[in-house]
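First chain written, first letter: the chains are A, B and C, and each begins at residue 1.
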Amino acid sequence: MGKCPFIESLAFIVLAGILFPVTLSGEGAPISEDSEMCIECHASLHPGIVEDWGKSPHAQTTPAQGIAKTALERLISAEKVAPTMADNAVGCAECHTMNPSQHKDSFEHNGYQVHTVVTPADCSQCHPVEASQYEGNMMSHAYGNLQGNSLYRSLVDSVNGIQTFQDAKIIHNLSDADTDADSCLYCHGTNIQVKGNRKIETDAGEMTFPVLSGWPNQGVGRINPDGSMGSCSACHTRHGFDLSVARKPDTCSECHKGPDVPAYGVYNVSKHGNLYSSQAGKWDFSAVPWIVGKDFTAPTCASCHASLLVNKEGDVISQRTHRMNDRLYVRLFGLIYAHSHPRSPDTSVIRNSAGLPLPAELTGEPATGYLIDDLEQEKRRSEMQNVCLSCHSRGWVDGHFERLEHSVKTTNEMTLTATKILISAWEKGAAKGPAQNDVIFNEAIEKKWVEQWLFYANSTRFASAMAGADYGAFANGRWHMAKNIQEMIDWMKIHSNSDR
Amino acid sequence: MGKCPFIESLAFIVLAGILFPVTLSGEGAPISEDSEMCIECHASLHPGIVEDWGKSPHAQTTPAQGIAKTALERLISAEKVAPTMADNAVGCAECHTMNPSQHKDSFEHNGYQVHTVVTPADCSQCHPVEASQYEGNMMSHAYGNLQGNSLYRSLVDSVNGIQTFQDAKIIHNLSDADTDADSCLYCHGTNIQVKGNRKIETDAGEMTFPVLSGWPNQGVGRINPDGSMGSCSACHTRHGFDLSVARKPDTCSECHKGPDVPAYGVYNVSKHGNLYSSQAGKWDFSAVPWIVGKDFTAPTCASCHASLLVNKEGDVISQRTHRMNDRLYVRLFGLIYAHSHPRSPDTSVIRNSAGLPLPAELTGEPATGYLIDDLEQEKRRSEMQNVCLSCHSRGWVDGHFERLEHSVKTTNEMTLTATKILISAWEKGAAKGPAQNDVIFNEAIEKKWVEQWLFYANSTRFASAMAGADYGAFANGRWHMAKNIQEMIDWMKIHSNSDR
Amino acid sequence: MGKCPFIESLAFIVLAGILFPVTLSGEGAPISEDSEMCIECHASLHPGIVEDWGKSPHAQTTPAQGIAKTALERLISAEKVAPTMADNAVGCAECHTMNPSQHKDSFEHNGYQVHTVVTPADCSQCHPVEASQYEGNMMSHAYGNLQGNSLYRSLVDSVNGIQTFQDAKIIHNLSDADTDADSCLYCHGTNIQVKGNRKIETDAGEMTFPVLSGWPNQGVGRINPDGSMGSCSACHTRHGFDLSVARKPDTCSECHKGPDVPAYGVYNVSKHGNLYSSQAGKWDFSAVPWIVGKDFTAPTCASCHASLLVNKEGDVISQRTHRMNDRLYVRLFGLIYAHSHPRSPDTSVIRNSAGLPLPAELTGEPATGYLIDDLEQEKRRSEMQNVCLSCHSRGWVDGHFERLEHSVKTTNEMTLTATKILISAWEKGAAKGPAQNDVIFNEAIEKKWVEQWLFYANSTRFASAMAGADYGAFANGRWHMAKNIQEMIDWMKIHSNSDR
């Protein structure tokens, strides 16, 4: 084979790759002494974590190597990191002992000040651009936007609170922290606080660990013991931090799948979702930058909402962003009416003209002062359409967005009809409403009203926005909006007649 | 390595395949001058389309090469194509400038008569057998079967139309074209018409494009500007036309997933669906012909309903068909009662003895004159059972079909019960029905009645037909049929009593 | 290439594996003469079965080779098998002619005593440990636990039985065997009995076959013609018996997906499910033993509930078990209240203090005499936590289980509220209950009560147990529990007022 040594060595490389995939951290970047210390015990205590990390880019590449890459290829956004970090793998100690003085959850552990909860502030050491963008992302405020909005807080109580039956009446109890953490706050994020310490008997003798409230949690708006907000691991799953996971729709689906946020279900039934399900095995989810058409032939959530996209020549189609609303001009879900996006990621400050913490009146008129203007809307829509245009013609894209606008309008109208029935029910005394100072989410007709917008109008708009139209017909969309109106009017009539 | 040059060259081929996958059209079939012209601009305007096409069989194989294959291996069914087409890749110009005089959407574009909407008539140049079969497929009439059936048209209005609340009453409005296109017609197909022209400022100066109503759309019964019906790209996704996509269940699921057509959900929970989900990574979805047991070990939708299947010796188990009902003897979904299949793919001509456009009376007796006879049923059942028998014994298959027959019978009975309650509600004046000339789909009890057959009876039958039995128990099947009857009878009693 | 003959031969092996995957049984273990006889005809009659088997470990490995493996690598648990079986593939004849005298479904077939239904007793020849464990698994009693429990049998009738409408009243009919087989018993298992014989005209002339009731079926608690209970092929799918299939969640999902047992849906929306969906293509589902972190980075159903798990050093983290409840300390689903697990897999023997065949009173107090005690609970919880700890810290795991305990408590409370409303409805005569000797599952409010525990409380607990919290919020969890209470109280009021 002297004739073609290239093939021979090539064969060796390829075969070596097939037979000896690099899975051991020892074959990756050098590990700091501190992290070696951690691994010594934890590799046998929690083999899954250590193995997973061993396959991660953090174990394979040093920050210095990351910084040396070209602008399009870089995943690290810091121009410089601390000299002690630059030439080692990003290991246990690098993250779990960073900024100990900021971390109220820091504790003494075998001579180190260790903290359990790694935060966006920790990650920002190497990823400052992403951390800063994320601060402007509504997700980072997901805790306060729920818990700090009195109306939404009463919705949470009406969902999670225990109802008891006494003297032929239902008593509504408030919710509790454990239930909230296992329900709404799983996604919105908990408020993690140090409650005290506890001693645990381990193989290495008795050890003391902090007791954390709201732990475990990886919610996108988690309040961290260092004061930062969010959890990068919500999408960038520990400890492999595998880019391909963050780029796949299953990650987003952890929180965007239920009837209140049916993005995943809609995607799944769309042509895009079909191609993903059918072809993803042939696509490259690890390529940086991500080349449209070459690396993938249909978008995932990340492609449209977050990723840096380029064409084969390296021309940028869309810049990477961790402020997801950069490409979103209309807010489709989570509120009674769809409307343009809020200006600030902190939505708890919003008040409508009736003084309610809502970006629109109960009858639909938007609280424009708190919302982005037409110009900003146009900018964001264009940003999104750039992505669409990489695979679709102008006529296709315009037709698509016209239908979305129309769905926003018609679903708002159907919500308004439901709202008018509810208001009428309140007026007739069939249900107890704001005039009686009663929670507006706790009676059957009120819950039907919530489903009208939170489930059905929502789903219908998502189905239009993401071209998963079938979902907006019978699955959880127009059929249910239409039926719900009929059931609400029946309820109102019956309960107005009856002597309740 | 002079000892074994075979291995050496083999290694080269395999390694080349691993390292340099053929993704560039330049490495495929020769591209016509006309298509080269298109690509020159569109490769940068819409890189995703061009890249996707570059991986397609259309870019890799010329029609002449396709025709030269053996009968079982061929995907092109024409015996001969135009000489200008025979030896080039099937590129942009080949499809988008075909038969310009037939295409009302043709427009002048840089010296070419281009049309946006490629149709089954265009595809039939190379695929005449498939196009002709598809004309006999009920799917090709999906637009007219919905829009041309007055009863079904009123169902569409009751789902998609806006309901408004005025003077304590609900007003039902008719639906509109945009909403229909984003709902029912996404799957059924829109009626695409040229509405006018518009000028768009492009990098190459101002250009004029036609404005199309109902665009974009890829529905199976789309009415095309050249008068043909259907869209091949509903299943054979542009522009990769990847056979493996059409053979995977995700393609069918775009339209067969909702509660009205739960085929995908049922498949997913079946043993077949389990094997697909667990093992598809090891199967060959591109092999032509498709060898049972070797290329796949459990069927997908395509295996049972469309694909050419052979055994390892090349004996044909089932012929390829694009008339899906060839293997379907009973119609399980979409109508009030399950019954034998209609004779004609155009079902809008059907009338029952009461003059309604339905293949059965409201009380279930089939309008036999419009339906296939026992002999044809037997033929189609055998055709399907041939597929089953390639992996199951006669006793297994017979047992399976007995249960399906039984489910057809019992679900029809449960629908009849629901219908009798509804008729009784009409008679008692609890709801307004045909006697009052009222739409029979717009009140709450009528919507419950629709769910009885369109969702629950349907789902139960699918669960039997495709052995996804769990779906027919609690998911959306028997439990819901039983509960719905109770809720209908309650509704009737309450609304008969109350002074509405 | 004389310099490195190792690489050369390695290349040959790897390339051969790529180009000529071993799919023919001829290349596997030797096939017995008896099985050769079977294959001679059946390879062409049912090519799918024979091909699938050809890829199976049964075709690739002889029992003797299996026995020779190390303890951790073995899949065969017998120390010795019959000499006639030891050195051949486990083929058609080996299983389908085993223990003919025990099999009431044995029939003469070309000189052999063949039986259709292969049973756990047949499999126990080579897999005695697994068969014996499975006998202690509640699943093996799934038939009797349903059919032999008078209360549950009436639930089955209320789901599957036809309701007819006569004289303005609903008549509830009992269910029938065919419907049950296509509904509840698909998973629970049918009772397979020989009903007679039938003659079938075949290519080889007329042949006689037994006619089996309840066939086909692969339910986990199937009553077999040899008296054994269960079906190994429920999870170990015929005829490939591919370990990777049994280890993937899709297998479990065949029966654990509906709203009554939403394990799959909850898993899917969890971080574990996300990682499975995103990364499973890179994991090794065939490795024995299964190494945490190396072979997979997130658990499937099998990892937590059944599989033998080790770390890279080969230390056992969890022993393989086919008695799934070995790692389950609390019973989350299928009953009105969650409580500690029953002692015996046969739950039809249980009676509460009111004499009902339930492990708790209608008002929730557990029938402790029939349930495992605290010590056994603690043992099982530890067993499960060992699995958790391989990837999570003690604090994480403790926090997780605290929330599960809390969800068990709160969901039981919400069920109790629903029960109290129902009892009140019975007392007021709004519904007919036990005092009227009426089935407690057939009226609308009773069905709402069933949904409270069978769907919503259930789903909420699963969501806590498997960290798929989003599912327990709006999908089918707390939102629906809260709404259902309101609808039950409304129903009771209206039906107490009305003159029904």
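Keep this in mind: contacts are C-beta pairs under 8 Å (C-beta built on N, C-alpha and C of every residue); 3 or more make two chains touch, one makes a residue touch a chain.
Not measured: the values here are computed from a predicted model.
Mostly differing positions are employed by chain A and chain C in their mutual contact, as under half of the interface residue numbers are shared between these two copies. Remark: rotation between chain A and chain B after Cα superposition is 120° (nearest 5). Separation between the centroids of chain A and chain C, computed from CA atoms only, is 33 Å. The set of chain C residues touching two or more other chains comprises 1, 11, 281, 494.
Contact residues of chain C toward chain A in the complex are 1, 7, 10-11, 14, 268-271, 273-275, 277-279, 281, 292-294, 297, 311-313, 315, 389-396, 399-400, 402-403, 406-407, 410, 413-414, 417, 420-421, 424, 463-464, 469-475, 477-479, 482-483, 485-487, 489-490, 493-494, 497. If you check the complex, the residues on chain C that touch chain B are 1-2, 8, 11-12, 15, 18-19, 23, 44-52, 55, 116, 158-165, 168, 170, 176, 178-179, 181-184, 186-187, 200, 209, 211-212, 215-216, 218, 237, 240, 242, 244-245, 248, 250-251, 253-255, 257-260, 281, 442-444, 447, 454-455, 491, 494-495, 498-500.
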